[in-house]
Every structure is written in C-alpha cells, then in structure tokens.
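In the two complexes below, chain A is the common chain; its partner is chain B in one and chain C in the other.
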Partner chain A sequence: MTDLMNSKKPQWWKSPDVKKTAILWAVCTALVGYVGTEFHVRSIVEPASETMSGVIDLMRIFTWAAAPVAGLVFAMCLTVLTSKRHYGDNPPAEADHQISNSPRANAVWIVVSALLCLFALITGLIVLQKDSEAVLESTAIQMNVTGSQWVWSFDYPNGARSEDLYLPVDKPVVFHITSVDVKHSFWIVQMGIKMDANPGAITEAAVTPNKIGVFDVRCAELCGLLHAYMQTKVHVVSQSDYDKWVTEHAALEGRA
Partner chain B sequence: MTTLMSKPVSAPGKSIIERLNIVTALVLGAVSAFVVWRLALQFLPGDTEVRLFTREDKITLLSMIAWFVGFMTGIGALVGPFRWLMGKDLSHDENMFLAGKDMGINRYFRYTTDHKVVGIQYLIITMVIFGIGGILAMLIRTNLGTPEGGWIHPQAYNSIVGTHGIIMIVGTIIMVTGPFGNFIMPIMIGARDMAFPRLNALSFWLIVAAAVPLIWAQFIGGISTGWSAYNPLAGQAPLGMNGYIMFICIFAISTMVAGANITTTIVRMRAKGMTWNRTPIFIYGIMASVALALPAFPVFFLSQVMSGMDRALDTSFYNTAGGGSGWLYENLFWIMGHPEVYVILIPAVAALMEMAPVFTRRPLFSFNVAVMGIAGISGLSVLVWAHHMYISGWAPLLNAPFMLTTELISIPTGMLFLVLVGTLWRGRLWMTMPTLSIFALLWNFMIGGVTGIYLSDVPADAFLHGSMYVTAHFHYTLMGAGLTGALAALVYWFPKMTGRMFDKKLSWISFWLVQIGFNVTFLGMFTVGLAGQPRRVESYASTFNTGNMITTIGAYVIMVGMLVLLHGVISSWRSGEKAPMNPWQAKTLEWTVANPIPLENFDVLPTVTSDAYGYGKAQS
Partner chain C sequence: MNKRILAALGTVILGAGVIAGIGTYVAAAKNDSGSIMATSAGSFTAPDGKTYPHYTLTMNTYPNSTFGGHHGEDGGAHPDWVSYGAAGPYGEPLTDAKTGTNFVVPAHSAVTITIWQYDSGETLNNDFFAKVRGTVGGTATLVERYDTKSHTNATEAKTITQIPHDAVGHTFTIHGVSSDQDSLFINVPLLLANDDEVTAAEEEGGFTQFPSMTTFTFITGGEGEYIWNCEFPCGDGTVARFGNAMSAMSYMSGHFTVKG
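Then we have the complex of A and B:
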C-alpha cells in the first residue's frame, strides 16, 4: 500500500496520512485481536475435553493471526473516512493523483496472505492428525451410537443400552455412529466432537472426556419434525461409578 | 414509471404473437395442470408398494410439469421456435414488436426481448422475492424471539425455514446479474441488446414459471427439509418436496439459459476498442458469476431429477435401503452449492469495485489484481465443495486436501480487499450511499471471511458445523457482503434505469438501519452458535435466550430499514427528482446514453479508446 505516494519522494513513510494509518493500524490490530478472541472465548461453552480446549485455542490463534490484516484494512478505512469528505450532489474535485497500481503493494499483500494461509493450514493439519489417530486408540471404550427420529441410543461394550450417555472420566472412547432412518448428527457440545449418523453406514469419532459433570448431546442436522428436541445428556463420572452403572444396566437388559 | 411511453397497443390481435401475455400464460398453465391432474388421478394405477406417496408424487409432478409447459406456451416462448420450424421466421416488424416497441407498460407483462425491459422485470421479481423471504425471516425470528421456542407448529416452522432459505438463495443469485446484468451490462459494453434477446425473455419467464410450484408446495405439506433438501429426509418429506424439485429444475434451466446468453454477449458484443484491458470490472464480475453457474446448475438440476425419481419412480439413487447413498446427494448438492455462493458474491463485489473509482475520483487500484482475484476465486471455488461435508463421515481422508483448497481461496479473496482499500486510499471521498456501502462491505465481508477460515479448519468445524455459527457466517457473506453490494448498485444505477434520482435521505436512513440491524442480528447469532445452539431448531434451551432475543431485535431493525428502502424505491420512481444523463460523472458507457434510453441504446455504436477509470489529476 505504502508506495502509493509519488515514487520520486523517497520518504513516503513520513507523510502524515501514512503515520496516522500506522498508529491506527496498531490500535485496530490490538482491538480486533482482543475483542475478537474475547467475543469467541466468552460465548463458547466451557470445554470438557482436550479436543474442545484445542478448538478454543485455535480460535484464539486464528483471531490473532487475522487481526493485523483486518486491522490494516480498518485502519486505512478510518484514515480515509476521517480525511476530507465531500457531501453534495456534484462530484468533488478529482483526486490529486492518478496512481492505478503498485506492484510492491500487490506483492507484499499476496505474499503475506499466502503465508497466513499456510500458517492456518499447518496449525489445522497438526490438530487434525491428532484427532484422526484418536479413532485408532486400542484401549478406548467402543461405544455404538444410533440415531433415530428423534432419539439417541447408546450401546455399551458389555451389552448395556441407554438413552442418555454415561462415560468414565479421562478414558478414551470411540463412537461408532449410525442411523436407522434419516441423517442425524451426533454432537457432544462441550467436548467439541461431532459426526453425522448416516443410515446404512458407520462413522467414527473419538474423544477423551476430562471433566466430571453433565454435558449436552444435540442433533446438529435437520432430521424432521422434532429435530429441535433430539437431545440428551452425557454424564461423565468416575471410573468406579461408571463400572457400577454399566453393570447394573447390562443386567437390566438381561445380558449381564 | 416515467420512462415508459404509453401509446396503446397497435391494432387488435392479428398474429398470435400479439395475443400472448401473462394472462394467457396463467390461464393455459392452470388449465394444463388441471387437465393433467384429472387424467393422472383417473388413469394412474394405484401402488402395490408400501411407499406412502409414490402415486401422489407422480400425480403432483406430472401436474407441475403440465403447468410449466402450459405457462411457457401461453407466454409465447414457443412461438419463435415453432415459426422457425415452419420455415417462417419472425419478420423485422414482429421482432420489433417482441422487443416492446411503442408498447408502454404492457411490454412488462409479455415475452418482451428488450434487455432493458427484462432488467426491470428482474428488478421487480427480485424485490418480490426479498419481500416474501423477508416476511418468512420475520416469522422465524419472531418464533425464536420468545424463550423456549414458539407458537409455530414444528412442521410449519421447518417449512418456513426451508422456503425462506431457498428463495433467498435464488433472490441473491439473481439480485445483481438479473437487474443490472441485463439492464446495464449491454449498455456498459456498448451493445444494442443481448446476443440472444429471446433467450433473455425466456430466462426471466422461466423464473415466474418456477415460482408457482414453490407456492403450490406450501399447500401440500411444505418444504420441511431446509434449503439443502438432504436425502433421505427429502424422500420422506411430504408432497411439497415435489414443488421444491420442480422449482429448482426450472430455475436451473433459467440460470443456464441466462448464463449462455450473458457469456456470449460479453465475449462477442463489446464495443470496438473495448479490449479485455479496457473492459470494466463489473463486466468481469458478471461474466465470472455466470461462467461459474454454467457448470454448477446442471448438477443441481440433475440432483433434483434424481431426487424426484426416488420419490415418484422408486429408484434408489439416495435411498440406502435400495443401495443408494445420501452422500451422493450431498456431493452433488455442494458441487453446485459452493460455486453458487460465489455466483452470488462476485458480481456484488464487482459492482462496488465499479463504483469505488467514481466515488473516490481516482482510478481503480490494481485492475489486474482485481481480475486475478475474480479469476482465482472462480477457479478455486469448484474445488472446495466437501468443506460442507467434513463432518459427514463420507471421506475423512479427504478432509485435509479440502481444507487446503478452502483456505487457499482466502488469497484471491484478499485480493478483492486490496483493490477496494487501495482505491479508497487517498481518494476524494464523495459521501453517498454507495460509498458507505463500500465500507460496510469491507467490514461485513471481513467478518464473513475470517469466520469462514475458522469453519474451514476441520477440528474447529467439528464444533461449529450445523450450529447457528454457520448460519451467521453465511449471512455475513450473502447479506452483509452480497446484498450490501446489490443495494448500492440499485441506488447507483437507479437514475439510468428509471430516469430519476434515488431519494438521498431515504437511502442513507435505510443504509444505517439495515447495517446496524444486520450486525446486531448476526453478531448475536454467532454468540448462540458458540454457546452450542444448532441451526434450524424451532425451540432451544434457556441458556440461549439472551442471544436469540438480541438477534430478533436486530431483525426487526433490518425490517424497518428495508421498509424505508422500499418506500424510497417507490417514491423516487414515481416522483423523484429527474436524473441528468450522468449524475455521478462516471466514465462507463451506460452514462453516455440519454434518459429515457432509446430502444436500441445507441444510434451509432461507440468506440472505446481507454479504460473507464481515468480519474484523478495528472501528476505534474
């Protein structure tokens, strides 16, 4: 942007509007970064797994990475808006230059956006890799999840079955998800995992809950009349409470 | 409507061409639909199958097809081809009649080929669509404004959401390319009309024909699947789904016809001397938009044909029980769906790029980067569709490559920002509603684009997908960026299209109301999405009350702003200040023709010797 000035003048950065923009840029970047992260972090749910904490960290990082770019655009807008404005029905005098390009500004802009893009990609890939490996974890509890209009049901390894989910804390779990009618989407909100339940196919998702408490399961794909009500709870409990609960419930199903 | 001359139609009906208009079309359409419906009811065999709807589906689809054929025949779409087949092609007089010569207001209700008439027709139908879509939006927001959901029955609510979604998508697809692409574009490139004037009329009347099945659908169970009409849900949905299917099929034909017409016009009919380097950026925007729609909409068409066949003919494209797959539908839908969002966005941004030099009195900054940005977005946008399917489980291994292509799009998108801020920088700001809109676009599209990057990140999308966050993201892009550009275009080209200035005060008031209301609405919606509210729900947990309340209040502010705008359109059109030939002192060709514009725009076709951005004082 910067060499829009007449290139014969060497010290373009000394011009007052460049200085003003530079200050505004710093201010806007700080504001966008701070307000943007606070906006997300304060609105988002309390995490109940590493995965979800990771999502929140990602939002922080991405917001701060985007802040300088957004900040520059907003700063330039502010500089323009606070310089001389013309109201009225006839056009103002022509601008006092005819500059229609700046190869240097173009190049800088494109290189910077490519770098930011690369950064976002790498950050995403690292986390993605971790998440995909989690599905292969052999010590995990293998849980079958079935969506049907409009309830979730859960089948535990020992034959127990329930409509609200019980999980032990700090133990990896892999969900094998399917549906008996239309498409649903299995979302454990506070754990930051979601996977569609497709009729005729089994999909997988994995997570390790790290907090004892009660959390939400919601259906995240429109699935007909009572889609809004297709929700249930996850009870994350200690390992011993979990063992007790599944044994009792397996007995209820007559499979103990 | 002062540009219209009001001479009565010439001597009463000789040829069939002169008899056909919207009334004959409606009558013939309704009669055909009724006849086919009775016949089908009588003769179609009953079902032996367990399927609930199959026979009714056949009857509904057949009647809708009959409506479509009847309507198009009644409006006169077949006259030309028929006469050609008989070896008696239309005479010059007949062609002039079709172009609407000396026909006054009547030409707006016929198969008129003049691109200016088609442009106005598109403008009106876009406004009607936004009006209806807006009312539906207000129903949705009112229902969600009260804690613990609402007073609308879930079936009706789902149908309102689906109908709102699809007609707003269609409205935004045509909002720039329809009115301004038809009315302004040919003049801007120095042409007398479009390359295929009759196809132009065809593309408009197809949209009118398409509207009826959609209205029809509301009375036979509605569109309860959301605008994306995923299968197998759509296979299970009531008969109204057939209305959606027919609507999409006809609209897709309209888009393809318009696309072929507009591309040919731009490639072949630019004025002498208008090389690609001198072609205004708005033309590039229109061109990219329809060039993207051309491959995308046949896929949409096909996806719905298959959906209709699954319902009516018991095929199993998407039906798992019969060996089909819902993932097939999702793929087809988004192969259309992602290019389609740029079909919407690009011409709106290009319109603002066209205005930026005018209202800053300096050249467009980096024309080549602008063209590159538009081309880059168009190219990449056909490679990213599966970012809508990260969570579908369809192909987890493809998530990484689709994340790559999606994030790459931010590079050409960034170029559009560079061009706009670059043009504003050190310009002489002439404060008008379009000028303000450039700033509004930069703000809204920044939010839309950055949230798009969060969504494109697979792990983050595992949380965000299917939530209100996505809804807020795409409203920031479609409405905050797209519609903002289209409204600016309306104010900017209003003087040329109607011969009158748009009331300045009203344009400002509505601008501020709409923009403030918009940001309140959708910032609020981001917060409930982050807090875990799924989209398309008619009731929600009490934790989401505050956010939803804010969103609903914002929506009412938008509504007031839109009503002010509507008032501005009507009052300025009827009694606004008469517009001079070139009120903005702009340099593109459409401002060189007189108001009202003569039937064939130019007596002598213009010759172009430079680009249209020669503003600014030459450096000493």
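Then we have the complex of A and C:
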C-alpha cells in the first residue's frame, strides 16, 4: 500500500520519444512555415493591387498558423517511422506514458483548433472587407464585364467597348459582371479579383490597380471547348493615357 | 533480389506502362485536320503608309457538314452541324479538301481573308460581335449577295464597320492566350444568307447560289499561336447553343498560327 502511494505517476513528457517528437515538431514547423511561405508565395505573381498584396499576406499568415499543425503530424510520423519495432502481445513498459481518455488533452485539442479557425475567420473577413471598400467609392469607374464563350468584352462608362481591358492607375474600379451564355469566372490574376459571371445575373467586384503595366485576365470556370483560350490582357495606364484611350474608343463605337 | 524491391520495381514499371498507354491512346485520338497556308499576293500598303507583304486566305461557312475531310480524318461529316471549310477563289466548296479550319499566316504581314457565308442566321448573344474589330481601318467589305455561278457581285460591295446584331450568320473571331506573344484580336460578323434560299438549296442537296461575301484585311504581329471561333450561337441547344459543332474543334473553330 505504501509502495503504491509512493509510486509516482509516469512523467510522459520526459520520455525520449516525446522529447524527440518535440524537437522534430519545432524543426518541421519551421520548415513547413518557411517552405510554405517563401517558396509558395514567391511562385505567385507580383501583385498589382492592394487586394492582391492582402491575399498574399493572408496566405503567408495562414501558412504560418497552419505550420505547427502540419509540423506536429510530420514529427509524429517521423518518430513512428524511426522508432524500433516492438514484438509481443503486450505493449512495452515504456508505453505507459501514452495518453488515453484524457479530458485535458481533448480540451486542449478542441480549444487550439477552435482558436485557429476563429483566427482564420477573423483575419479572412478583415481582408475581404478591405477588398470590398472600393465598391462604395463614389469616384469609382463603373465597368460592365460580359463573358461570352470564349471572349471577354468590356463596356466603359462613356460607351467605349473593348476585348482587352484598360484601367487608370490608382483609381478604384467596380466591375459589374455577367455572362450571356454559360457560367464563367472573371479573374484578374495579378489583382486578386475573381468573381463568377452568371447568365441572367450581375455580380460585383472592385479593385484599385496600383501598378502601371500589362496584366492577365482569365476565365476561372471551365466553360467549354475553348475555355483555356478565354484570356485577355489588362493594361493599367496613367489617368491621361486612359482618358485618351476611352475617348478614342468611344468615337470608334460612334458614342463620343 | 529482395522480393519487396522487386514488387516495388514491378509497380513502378506497371504504372509507367499504364501512363504511356494512355498517352499513346490520347495522341492517336487527336483529330488534327492539318493547316491551310496563306497564299502570297504581292504587297499591301496600309493607310499609315507602311508596306507589308500581302497574303490571302479564302474560306466558306456552310449550313451543314456534308463532307468530312475539312474536319480531319476522324472528324467526319455531320449533316446537322454547321461548319467552316476550305473555299476556292470564287467561294466554290472544295469538298475533297482534307483541311479547312486551321490556318497559317506569316508574321508582320497583311492578311486578307474572304469568306463566303452560305448559312442563314439569327441574333447574336452579345452584340459586341456585330462590329468589325481589329481589321485595317476597322472595316470590312460586304457583298450581301454574291453570284457563285457568274462569279460577280449580285449586289454592290460596301464598306462596313458593323452589321445588325440580329442579321448575323456567323462570325470569324481570332483571339489568343494572354502571354508574351503579340495581341491579335479580330472579329468580323458575317451577314446571313437568305433563309428561304438556304433551305431550298439544302433540300436539293447543295448550297445557295447567293451567299454573302465578306473581305477584310489585318496586320499580323510577331509569331504566335492563336485560336479562332464563331461567336454566333450556332450549335445545338446544349451549353447555350454552343453544343455539337461549337464544341468540337475543326467545325466552327480552329487554330490560327502566325509564323515568322
């Protein structure tokens, strides 16, 4: 009886394989976080809007937030793969430290998971809210976007029309997006804008381009035979160049 | 050798074999109808005074695909499908041609295309395509009725920038991927032919004597791979009337290659 009372509870955190897992966890977390952010984010296009910069920052944050979870899984896998096998009907003596039916462990797991989800939700909503700010801008250019199998067409406020998109730099633009046939998805790759184009309905997306250059517009919804060719370019130019361009093209449409 | 290593090797070899088999099958199933090269036609002076080597292409649009060669060996005839196809110098249907929808033109050249439109038509989904876009001067030359027997214009030729969006037979629309290659976007709407004449001719197993004839010229940039398709919804009722002929390459679509 005395022996029983004096016997200590096994201190599982002191066992060699737990220590090994902890070290591997730290290493794997650092590796997953670094590889996930640097290599993955660097493979994404250079941003041409605050929206896209926000998307990239969000991916960086989410990747680092997820890195400990993935790191723990990898660390446990590595520990198991590199441990010696035990033969026999009964578990080895050092297996006493296993955790089973532990309300505390369950609570930690649930709370950490919930906090991670809540973190992802709140930071995601903040970025989404910032993305939508331009929709409310009274000075924003109102642009109609039409998806047709397999060409995009753009209608400007002064009556100009084009198959490639011209935008002025540093000015908010609201896209009113629709389709005349099947479902498409309007995607400006470097600006982080992607919105469904649905027949018979108008969806909205907004962005403020912040870099002069030529960028890519694609369809992100499989829409038929030539979906892969449903691409065009977006030219972000200075305000004066934009004014000149839309005036000329409105004249070509007979609407100047 | 260890049995496990042998089993692993066998699995890898089997997997590679399956992938190679699928690749071979897909490559064999590809229906490439070959290409038509543009014909040299001297030089062309653009409105801005620049002179370019000049090339021409001729093609027809048909209300049915009664001959299969234009669509590749396995494309086949589809009497219910509309189609583009190869044309003679006066819009004659070249029924024995083995290709009709893939085109190759030289870079940095003026290309003049003439299309005889033998089909009737209706209304475009998007009136954006009722306007001539990307051609020299933003115009095309339209003969509403061309007499294919006497090889003369039955109506006067006129310069157009657009046609009514509810009188379109088909469109010839070139576009491409958004890459480093030069942009090339051409859209020319083709006026519908008289519906009664189209139907009467079809019942006799032929094509109307009086198709519309549209001619336009554009300047090519550097080398590039482009695609062309019709923007008139002329397929069957599926996928917003872009089914059948519109959903199979080499009928109402094809490759348009600019080569140096």
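As a convention for this text, the second predicted complex is superposed on the first by the 230 of 256 C-alpha atoms of A that agree within 3 Å, B and C clash if a C-alpha of one lies under 4 Å from a C-alpha of the other, contacts with A are read in each partner's own complex, and residues count from 1 in each chain.
The rule we apply is simple: a residue touches a chain if its C-beta (ideal position, glycine included) is under 8 Å from a C-beta of that chain, and two chains touch if they have at least 3 such contacts.
Bear in mind that the values here come from a model prediction, so they are computed numbers and not experimental data.
Overlaying the two complexes via chain A brings chain B and chain C into a clash. Legend: residue contacts after superposition of the two complexes on their common chain; A:117 is shown touching chain B, with no touch to chain C. In the superposition on chain A, A:164 makes contact with chain C only, not with chain B.
In the superposition on chain A, contact of A:153 is made with chain C only, not with chain B. In the superposed model, A:40 lies in contact with chain B only, and not with chain C.
By the touch criterion defined above, A:185 reaches chain B but does not reach chain C.
Of the two partner chains placed by superposition, A:238 touches none, neither chain B nor chain C.
In the overlay built on the shared chain, the residue A:199 is in contact with chain B and with chain C. Once the two complexes are laid over each other on the shared chain, residue contacts for A:247 go to neither chain B nor chain C. After superposition on the shared chain, chain A has more residues touched by B, the comparison being chain B against chain C. Shared-chain residue A:52: touches chain B; no touch with chain C.
The single stretch of chain C with clashing C-alpha atoms against chain B, selected from 4-12, 40-48, 94-102 or 184-192, is 4-12. Shared contact residues of chain A, touching chain B in one structure and chain C in the other: 181-182, 199, 216, 218, 224-226, 228-229.
Taken together, the chain C residues at the contact with chain A in this complex read 125-126, 128-129, 131, 133, 138, 173, 175-178, 183, 185, 187, 227, 229, 231, 233, 239-242, 246-249, 253. Residues 149, 154-155, 158, 224-226, 230, 232-233, 236, 320-321, 325-327, 360-369, 391-393, 396, 399-400, 403-404, 407-408, 410-411, 414-415, 417-418, 421-422, 424-431, 439, 442-443, 446, 450, 453-454, 456-460, 462-463, 465-467, 504, 523, 526-528, 530-532, 534-541, 547, 583-585, 613-619 of chain B touch chain A in their complex. By the touch criterion stated above, chain A contacts chain B in their complex at residues 1, 4, 6, 17, 36, 39-40, 43-45, 51-52, 54-55, 58-59, 62-63, 66, 69-70, 73-74, 76-77, 79-81, 83-102, 105-106, 109-110, 113-114, 116-117, 120-121, 123-125, 127-128, 131-132, 177, 181-183, 185, 187, 189-190, 192-196, 198-201, 203-205, 216, 218-229.
Interface residues of chain A facing chain C in the complex, by the touch rule stated above, are 146, 148-151, 153, 161, 163-164, 180-182, 199, 216-218, 224-226, 228-229, 231-233, 252-253.
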